[in-house]
Amino acid sequence: MSDIDPTGAVAEWWATGISRMEPGVIELRGRPVQDLIGTTGLAPMIWLLLRGDLPGPREAALLEAALVAAVDHGPQAPSIAVARMAATCGIGLNGAVASAVNTLGDSHGGAGEQCVLLMDEIIERERAGAALETAAAQVIAGWPRYLPGFGHRFHPVDPRRDPLLSLVEDAVRDGIVAGDHLRAGLAVEAHLAEGRARPVPMNIDGATAVVYAELGFPAPLARGLFVLSRSIGILAHAWEETQQGRRNKGPMPRTILPAHLRP
Amino acid sequence: MSDIDPTGAVAEWWATGISRMEPGVIELRGRPVQDLIGTTGLAPMIWLLLRGDLPGPREAALLEAALVAAVDHGPQAPSIAVARMAATCGIGLNGAVASAVNTLGDSHGGAGEQCVLLMDEIIERERAGAALETAAAQVIAGWPRYLPGFGHRFHPVDPRRDPLLSLVEDAVRDGIVAGDHLRAGLAVEAHLAEGRARPVPMNIDGATAVVYAELGFPAPLARGLFVLSRSIGILAHAWEETQQGRRNKGPMPRTILPAHLRP
Amino acid sequence: MSDIDPTGAVAEWWATGISRMEPGVIELRGRPVQDLIGTTGLAPMIWLLLRGDLPGPREAALLEAALVAAVDHGPQAPSIAVARMAATCGIGLNGAVASAVNTLGDSHGGAGEQCVLLMDEIIERERAGAALETAAAQVIAGWPRYLPGFGHRFHPVDPRRDPLLSLVEDAVRDGIVAGDHLRAGLAVEAHLAEGRARPVPMNIDGATAVVYAELGFPAPLARGLFVLSRSIGILAHAWEETQQGRRNKGPMPRTILPAHLRP
Amino acid sequence: MSDIDPTGAVAEWWATGISRMEPGVIELRGRPVQDLIGTTGLAPMIWLLLRGDLPGPREAALLEAALVAAVDHGPQAPSIAVARMAATCGIGLNGAVASAVNTLGDSHGGAGEQCVLLMDEIIERERAGAALETAAAQVIAGWPRYLPGFGHRFHPVDPRRDPLLSLVEDAVRDGIVAGDHLRAGLAVEAHLAEGRARPVPMNIDGATAVVYAELGFPAPLARGLFVLSRSIGILAHAWEETQQGRRNKGPMPRTILPAHLRP
């Protein structure tokens, strides 16, 4: 409170547990910023700001692996294509990143959030007494739309799945994480593979969702962490595009277009 | 001021001349909203909110013509392509419009702002005594980059140029606008045509910039008004795309891509 | 198709019924752009691009009234505050509008979309034989969250409600629209008022949703049209803010803040 | 090239050196993604994607320190306030981050880009024979607007300045970086301090710009890297806000407002 905010209403409206300032002082989650610079890595900082405490080294490493895995999937992903086109329109890199990050919605990156909810529901049913296979089958049967986090229209097996799940298995073995979400995710895979020639393995949204959920992040942060990760690829593509000097780049080279789509 | 804001600092921080509220009362530029609904068109409302007064009918009609002219230029424009791709990613129409409008930067729609500045500079030099042709030539010679508002890589003549300039000519003849920016724009065209087989006529950014500047809008609002206009086409394309049911649409059909660009 | 797109896959990928280009030619929904400039207003253009045909004059006037009604609700609305703050950060007006329009989500402007769905459901139940009051009561009872389009935390009666609904009543009387959504909306109001001292009348999202639905726009376009409308106020506020010369404007004047929130 | 893209025009239009896909294969800058997951940290990944090679450990640590330093500066920064308000409007975390990142323009975060250009100019003049002090004085005298990267309206000394510059000094001493930009930045500080009671030290934009420029990042990437860094704080604040359950949060509590600004 202050003379000018006698009821404290203003301070309350913008109150935050994340950062605190005074002239010459910046504290992040109670830690002076100068103690963090040079001693704390990016992954622990992300954890600290989102959750209020610092992770152990194994937890930080697992988080970092998932963030590294999803940085980019090439210019055919709408987010990357948007970044590259936006970067040619005379706006700064901040604007190109913003237009692109914005597209990481329910079906593109945001799927991780729904995948955590899917796994949560399976775990709940199992805790209520159902066999894991049954729980998975029931939740899948009742899922209203696309099953989030499984299957890829391009990769038969996503090359990011195995290394991520393998790191989670190590962490389960060493007691770093509990393993419930890993078991739930594998049960979904198993159920989807039944009687099919071509299985439907976890994709990157699914595999990173397993990591984030095992580490205790709530579902919406699976989306949020994907945003941080993919921002790296988005920035790299926007920057590469600006160096090629195109202006107002459309989705296809004009020369390949039928006349009525050309300009 | 209020008991709780004794110095009035809060009220001052968010003070605006555009709208005023009390319980049950909404005034826009001093006019009760219920007096505007059903009596005032969109173009006069845009004028009212931006400038504080209502335009005459001829001014409103001229503004409306320019806003209508620029609504869309097809899916090869980056803004439209971005809107369509974003709309398939599981975000609302508000998000698709935002990602797209954001790309209307210095080289894509924002060029109108710079074109007004170009014409302003010519008018100033003329007022300082230079012949119009000389003024145009000098300003063009000193312009650091692409000449904003002139030339089109697709249309030999932009079909929106003539009807817009013709409306401005009528307005000059009837004393509605002064005609200085029209003269400056035509002088640029004339200078660019000298000795060329293929002239470089005004494009839509240029022609609408002439309208907006003649109507007395400051340069940055040429960009702002373009944003309002193109938002209409952006919304229409985003909506059309959502009805086609694609998910995570990339810039090109996967079937046409070399494998390494395909997913 | 073209030599260079032998299968037509590229043309199909970006096919649109909205606009068609050839060198020197721009057609919008099959109409040459030069025939639209100066003859067609903004509201009919919005209708044309979204739906493919031109509205009658009464339909256009009703659409225009709803678009006018929602242009602004002052700087305390998050969309407007975002626009004003963004405008001080060294990005163009396009960027300020984008950051702001993006916030028009499910609870802020996007509520119109859900309100149409609410009314649709009531109409459906009535058509299946329920009395209107019963239909309204049932749908309201089953609605999972905030009832979209009703009630306002500030206005006891929203001054935009009566003029909009009155225009819809006129249109019903004259056979321009059918009146089903108006009846559904009023039934919700009546149900909410039962036994309450203070009724919960339609707010701007609700009243404009009635207009858009009566005119035959699908639910997601209630959100889309709100975006076009509010963009006008967003632009006006962003522009007003840039003229005041602040840089990096925060949400509150620094002088009123407790020290730890001040910078 | 492919049968369906005989001229290779399509492949060329979206060509990138950043990522390469084949079914079951993802390579980032030529490295299989499965070799990077679990072995490579976030800071080296950022470097790899932006520049094509992996940094040495000291370079990676310096980059990471700068990225950590700028993650947050509290809710009074417009970017953070925008994120928090947007998060209450019914859009996903991706949308809240996008609206916020978009505001990191020329005066808010984007200043790092201009600060690198400022230092570049001083270094160039020095290389052309001027004394460092003279070079700094000349460039400052000719700078058209606010000096980017120096001074803070809140902190007398920014607590992030010393630890960052100290890490750069260490890196210079050990031959990791050349030290030119550090010298240029300090020369600007010295010039600004002359004859003043209160000096104008580097702020966070300036200190991180020194780091990024010393590491060889081009000027626009000072802005781009700031975007990645601040995204972390933006996400944390958006997430904290969603957990408080407010809807459509305005910039100030309604109770403190004069009536006409209240809704």
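Letters A, B, C and D mark the chains in the order given here, with residues in each chain numbered from 1 onward.
Basically, contacts are C-beta pairs under 8 Å (C-beta built on N, C-alpha and C of every residue); 3 or more make two chains touch, one makes a residue touch a chain.
All of these numbers come straight from a predicted model, not from anything done at the bench.
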Which neighbours does chain A have in common with chain C?
B, D
At the largest C-alpha centroid distance from chain C we find chain D
Equivalent interface positions on chain A and chain D, same or different at half:
same
So, what's the distance in Å between the C-alpha centres of chain D and chain A?
21
Geometric centre distance via CA averages, chain D-chain B, whole Å
31
Where the centres are mean C-alpha positions, what is the separation of chain A from chain B, in Å?
36
Hunt down the residues of chain C that sit against at least two other chains at once, touch-wise.
4-5, 7, 9-10, 14, 20-21, 23, 73-76, 81, 91-92, 94-95, 98-99, 102-106, 110, 154-155, 251-252, 255-257, 261-263
Testing understanding: with touching defined as stated, what is the shape of the graph linking the protein chains, line, ring, star, complete or other?
complete
Across the complex, what residues on chain D touch chain C?
4, 6-7, 9-10, 73-79, 81-82, 85-86, 88-91, 95, 98-100, 102-108, 110, 146, 152-155, 247-252, 254, 257, 261-263
For the chain B and chain D complex, residues of the former touching the latter
1-2, 4-5, 10-11, 14-15, 20-23, 91-92, 94-95, 98-99, 102, 251-252, 255-263
Quick check: in the complex, which residue numbers of chain A touch chain D?
5, 7, 9-10, 12-14, 16-21, 23-26, 28, 32-34, 36-38, 40-43, 45-46, 49-50, 61, 64-65, 67-69, 71-76, 81, 84, 92-95, 97-99, 101-106, 109-110, 113, 154-157, 159-160, 162-164, 167, 220-221, 223-224, 227-228, 231-233, 235-240, 242, 252-253, 255-256
